[in-house]
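You will see chain A twice below: alongside chain B first, and alongside chain C after that.
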Partner chain A sequence: MSPRLRLALALVALAAGLVNLALALRVGDAGPRPLAYLLVAIVGVSWSFVAAGLLAWSRRPENRTGALMVAVGLAFALPGLRLIGTPLSTTLDLLLVTLPAAVLAHLIAVFPDGRATTRLQRVFLVANYATTVPLALVQLLLVDPGLLGCAECPDDLLGTGGPHPYGEAVVALSNLWQVVLAGLLLWIVVTRWRQAALPRRRSLAPVAQVAVVLLVLFIVRQTLRSAMSSLPPWIDVGLDLAVLTTLMLWPLGFLVGLARTRLDRSAVGDLAIELDQAWSPGRLEQALARVLHDPTVQLVYWLPDRQAFVDAAGRPVELPPEGGDRAVTVLRHDGDTAAALVHDAALGDEPELVQAVAATARLAIENQRLQAEVRAQLEEVRASRARIVAFGDAERRRVERNLHDGAQQRLVNLSLTLGIARSQPAAASDGELTAALDEAADELRLALAELRELARGIHPVILSEAGLGPALAALAERSPIPATVVAAPPDRLPARVEETAYYVASEALANAAKHAQATAVTISARRCDRGLVVEIGDDGAGGADANGSGLRGLADRVAAIDGRLEVRSPAGEGTWITAELPCGS
Partner chain B sequence: MRVMIADDAVLFREGLAKVLQAAGIQVAAQVSDGEQLLDRVRADPPAAVVVDIRMPPTHTREGLEAAQRIRADHPQVGVLVLSQYVEPHHAVQLLQDGAGGVGYLLKDRVADVHEVVDAVRRVAAGGSVIDPEVVAQLVGRRRTRDPIQELSERERQVLALMAEGRSNQAIGERLFLSPKTVEAHVHSIFTRLGLHAAPDDHRRVLAVLAFLRA
Partner chain C sequence: MRPTLLIVDDHAGFRSLARRLLTSGGFEVVGEAADGHAAVTATRRLRPDVVLVDVQLPDIDGFEVASRLRENSVGPAVVLTSSRERTDYGERVSRSGAHGFIPKVELSGAAIRALLGSGRMG
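Here is the complex of A and B:
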């Protein structure tokens, strides 16, 4: 809307109001219903609606609410027609007497969208306008103006001129219809309030409250007027005044709603201060939810590598579909998608607020996005490390199995054949042959023993077959320095836990034998809340380097199943290696 | 004497059968897994069975389980378990279940035909057979305070042969000692190690192994 049109509308409203006031002054206090006094209030209503409407119109040109408010304001300039006192003006007045209420009802029905979105709203709008003018026309034709509160009016151009037999019935019918329409409107307002999510209620509240008071007052007034043939003037005029005062408050309520948005924007300043503090992903989301007055706000981050949105923990997030009750505001950084706010669709009423919040939190969001990206990558690396270790373990089992079924089995068969050959009488009688066969058997035994050691080093069968306890016992029995297993779980644990625990024990034992000059080692494996704690302690020289390649490798191996390795090795006090291994899936 | 052989390695199974038959032992059945062996034993119990420890379907400890079932259901059937690895853990598990008639040998032992035939005959007769490698591993185990080091060379030899499941008579034959001398050595060993004399050879093996593993 151009500023010129705004100025013109403002001037029209101002002029119409002034004319109304001038007419009121000329007539003074005349008749049982002092329209002149009421006119002052009516002009107030007119001006307040036009002013607030023009403001809303300029702020949200795409929303028809502003235009509708201006229309209501201008319609409320019409009642002055009655005081002009010519047949033409009286005719127009009686024809248009219900128009201000109809336009107002339209505004209330479609607030705050400015357009009808539900079937109920559309039905109401049609009923509202389709009956306004015909009803007025019927009244004009059949009803004595006196019954319409205009005893002193001159005859209109179309009227019958005197009392008509159906006059009172028509007036009663008209009142009843207005009560029905008001009731329907009340239903619309209450329903919309109940269905609105928190952010929408905030913008709806001031206006909806005033509308409810107004409609209840209106229904009371019309019911009283229909029920009693003549109301005491103080009640009659008092009700009119109450309705008009409430009406004047309506644009005020609207302005409060607008101001709230402004206040929200100033809350963005507080957000900037809050952002200065240390940030955890959850708190950033909470702060955004507080400023936007939408506790359901979810902040998701764009990962260009994956072409997907993830939450703060790096888990993939599916965005809600368009047109639902959840809306998405994409936040950009240097033109590229950086993150998105998933929020209540009602926040779409305040795009500036969402954008202001997003701009303020941009750095924090970008920071969180990078963190989410790192977390997602870490998660990936962690999973891939676990996969590599699991693959390595499976591969070792496979190699051991191949050795057992292949080379070892062939050598065993060879032993058997050799044994049969040696037991032949022909061989026993030939000293040289016996010696050669014995030598071959000895070589074969050594080869098999070496192969057994090799296979055991690749994968100790006792571990997968009998469990950690027997495997640790076997480890201790074969240890080059005295080793005791002081505790071992009696039950079986997940294979990766058993294999890692065994690996830790066997490496620690080898270290103790090689470097620590230890004379005794203890091995313990105990269940704990989270899983298994393996501890290997020796009485050696201590001073082990936890960052040396051996212990570093152990720590890596333990970390691959999300475990933790601790090495205590004070010089001269032995070495204690503790691994905490989670058993959860 | 009738025996049954269970091993999924066909060449080995048949070679072993040949060796046993050459020694005058009748091979009543050759099967490739534990279930078949149990069926055949149930149908017509032999004097002894020879079982490979790793057999289908999982190739882990089927032979050991079949051996334990047979010991429980048919105590009169001797069981000799063969394996490409020997673990003291398995040896003790086998011995714990019954009163003799079990053996646990490295498969390599077939290089000495007489040793295998001897082991089959011993388990069939209710004796115990433990592979020398198991015993060597346990006797050679490093200990903080090692009472075995206090034994004489000869006593250590006697201890090892006891652990392998040999009777006093067999020990005497092996070491060319009189039964009286063997008895004196055994008594001395038990006293030095703080063990109680066992009522029979089988329980003697268990007691010695338990001591060595502790």
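Here is the complex of A and C:
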């Protein structure tokens, strides 16, 4: 809207208001008294709507709210027609008497979008305008002007004034219809409030509250008027005054809503100060949520390498589709996508606020984006390490299985064949042959034992078949130094946890036997909140090097499933190796 | 009279060698089965005195076969065998209801008789 048009509209409203006031002064006590008094309030309503409307119009030209507010303001200059006192003005006045309320109802129905977005809103607008002038015309034709508060008006152009048998009924019906429309409008306002998300409620609140009070007052007034043929003047005028006063508050409520938005933008300054501090990933998101008044705000970062958005922890994030109740504001850095804010679609009402917040937090967001990128890479490395370990474990199981099904079976068959040969009568009678067969059987037994030991080292079959408890018991049973299992979980755990726990126990036991000169070892595996704690303690010499290749490998293996390894080995006091292994997914 | 015996193993080569070895070791081998379910069916049909069962079978494992055959502590004597060692299976051997375990490499008629003669091996 051009400043010239704005000025012209302001002048028209000003002039119309002044004319109204002049008319009220001129008529004084002689004219229709209540109207003359109320006109001051009516002019106040007119001016306040025009002023607030022009402000809204210049701020958001694309939103029709401002234009509608100006229209309401100008429509409220019409009641002065009644005081001009000519047949033409009386006719116009009586025909347009409900127009100000109709335009106001339009504004309230479509606020703050400025246009009807739901079916109910459209139905309301049609019903609202379709009945405004026709209803007034029916009243003009069938109702005594006295009943319309126009007892002292000159005759209208149609010359229909005068008592009419259905006059009171028509007025009562007309009032009832307005009650129905106001009820529908109240329903629209309340529904929109209930459905509005937090950010929109903030700007909607002052206006919606005023609208509810206004509509309730209006409904009470019209109901009383249609129920009682003549209201006591103090109630009639009092209700009019209450409605007009509330009406003057409407533009004020609108300005409060605007001010809130301005305040929100000034809160961006506070954000800038806060951003000076060090940020943890979640806190930046919290700060943005606070400034934007949207607790659901999610900040996601663009990773060019992956061509995908990730969250602060580096996990991939799917953006919501367009048109839903979640909206996305993409934040750019030197023209390239850097991040995106996923927020309530209602924040689309305040794009400047979102952009201001984004611009202020640009450096912090870029910093967080780089951190998210590193976290994503770290996550990738961890996943890849876990995959390598899992692949290694699977491969070892396969090799063990192959040894068992292949070479081991053949050696077993060979051993049985030797047994059969030894049981033959010819062999039994030949001492040399028996000795040779016995020797071959012994060699074979040794080869099988070695092969079994090798297979077991590659993968203990008891672990996958019977679980950690039996596997640890078997490990202790075969240990060259006395070993006791003091605790083991009775149930099965995820395979990677069982294998890592067994690996730790097996390596620790081997170390105790090889390096520690221990005489006794205890093994315990206990469930804890997070998962499993495996502890192997010996009474040996202590002084183990936690950074030596053996223990380092053990720590790596434990870390591969996000576990933690601790080695305590004070000289002369034995060695304690503790592994905490998480069981979660 | 020679005790009757059923051999359960999925390797035909092992079954044939075990049949020869145990026949010459004083047993009458009345049948063979290649998996756990066939073992249960054959046992009901043939009613052998002893069932020699490999731990690792293609369907149900040897422990399961032993517990099915030894339900309510009746039925034939069950001897588990494997090319692995007894310690590779922990307490599962004793819990299964089998009379004991003989590694395949030590299998002989004498070994089975010794096992059954001494009662259950822990």
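Methods note: the second predicted complex is superposed on the first by the 379 of 585 C-alpha atoms of A that agree within 3 Å, B and C clash if a C-alpha of one lies under 4 Å from a C-alpha of the other, contacts with A are read in each partner's own complex, and residues count from 1 in each chain.
Just so we're on the same page, a residue touches a chain if its C-beta (ideal position, glycine included) is under 8 Å from a C-beta of that chain, and two chains touch if they have at least 3 such contacts.
Computed from a predicted structure; not experimentally measured.
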Touching partner for A:L448 - first (chain B), second (chain C), both, neither: both
Which superposed partner A:R564 touches (first chain B, second chain C, both, neither): neither
First, second, both or neither for A:R527, with chain B first and chain C second: neither
Touched partner set for A:S464, first chain B, second chain C, both or neither: first
Superposed model, chain A: greater residue contact from chain B or chain C: B
Which superposed partner A:E477 touches (first chain B, second chain C, both, neither): both
Where chain A meets both chain C and chain B, residue numbers: 404, 408-409, 412-413, 415-417, 419-420, 423, 444-445, 448, 452, 456, 461-462, 465-466, 470, 473-474, 477-478
Residue ranges of chain A touching chain B (in the complex, touch as defined): 401, 404-405, 408-409, 412-413, 415-420, 422-423, 441, 444-445, 448-449, 452, 455-456, 461-462, 464-466, 470, 473-474, 477-484, 519-520
Of chain B, residues touching chain A in the complex: 9, 11-12, 15-16, 18-19, 22, 54, 59-61, 84-85, 87-90, 107-108, 110-114, 116, 137-138, 141-144, 213
Parts of chain C lying in touch with chain A, wherever the complex brings them together: 11, 13-14, 17-18, 20-21, 24-25, 56, 61, 83-85, 87-92, 104-105, 107-108
Interface residues, chain A side, partner chain C - complex: 404, 408-409, 411-413, 415-417, 419-420, 423-424, 444-445, 448, 452, 456, 460-462, 465-466, 470-471, 473-474, 477-478
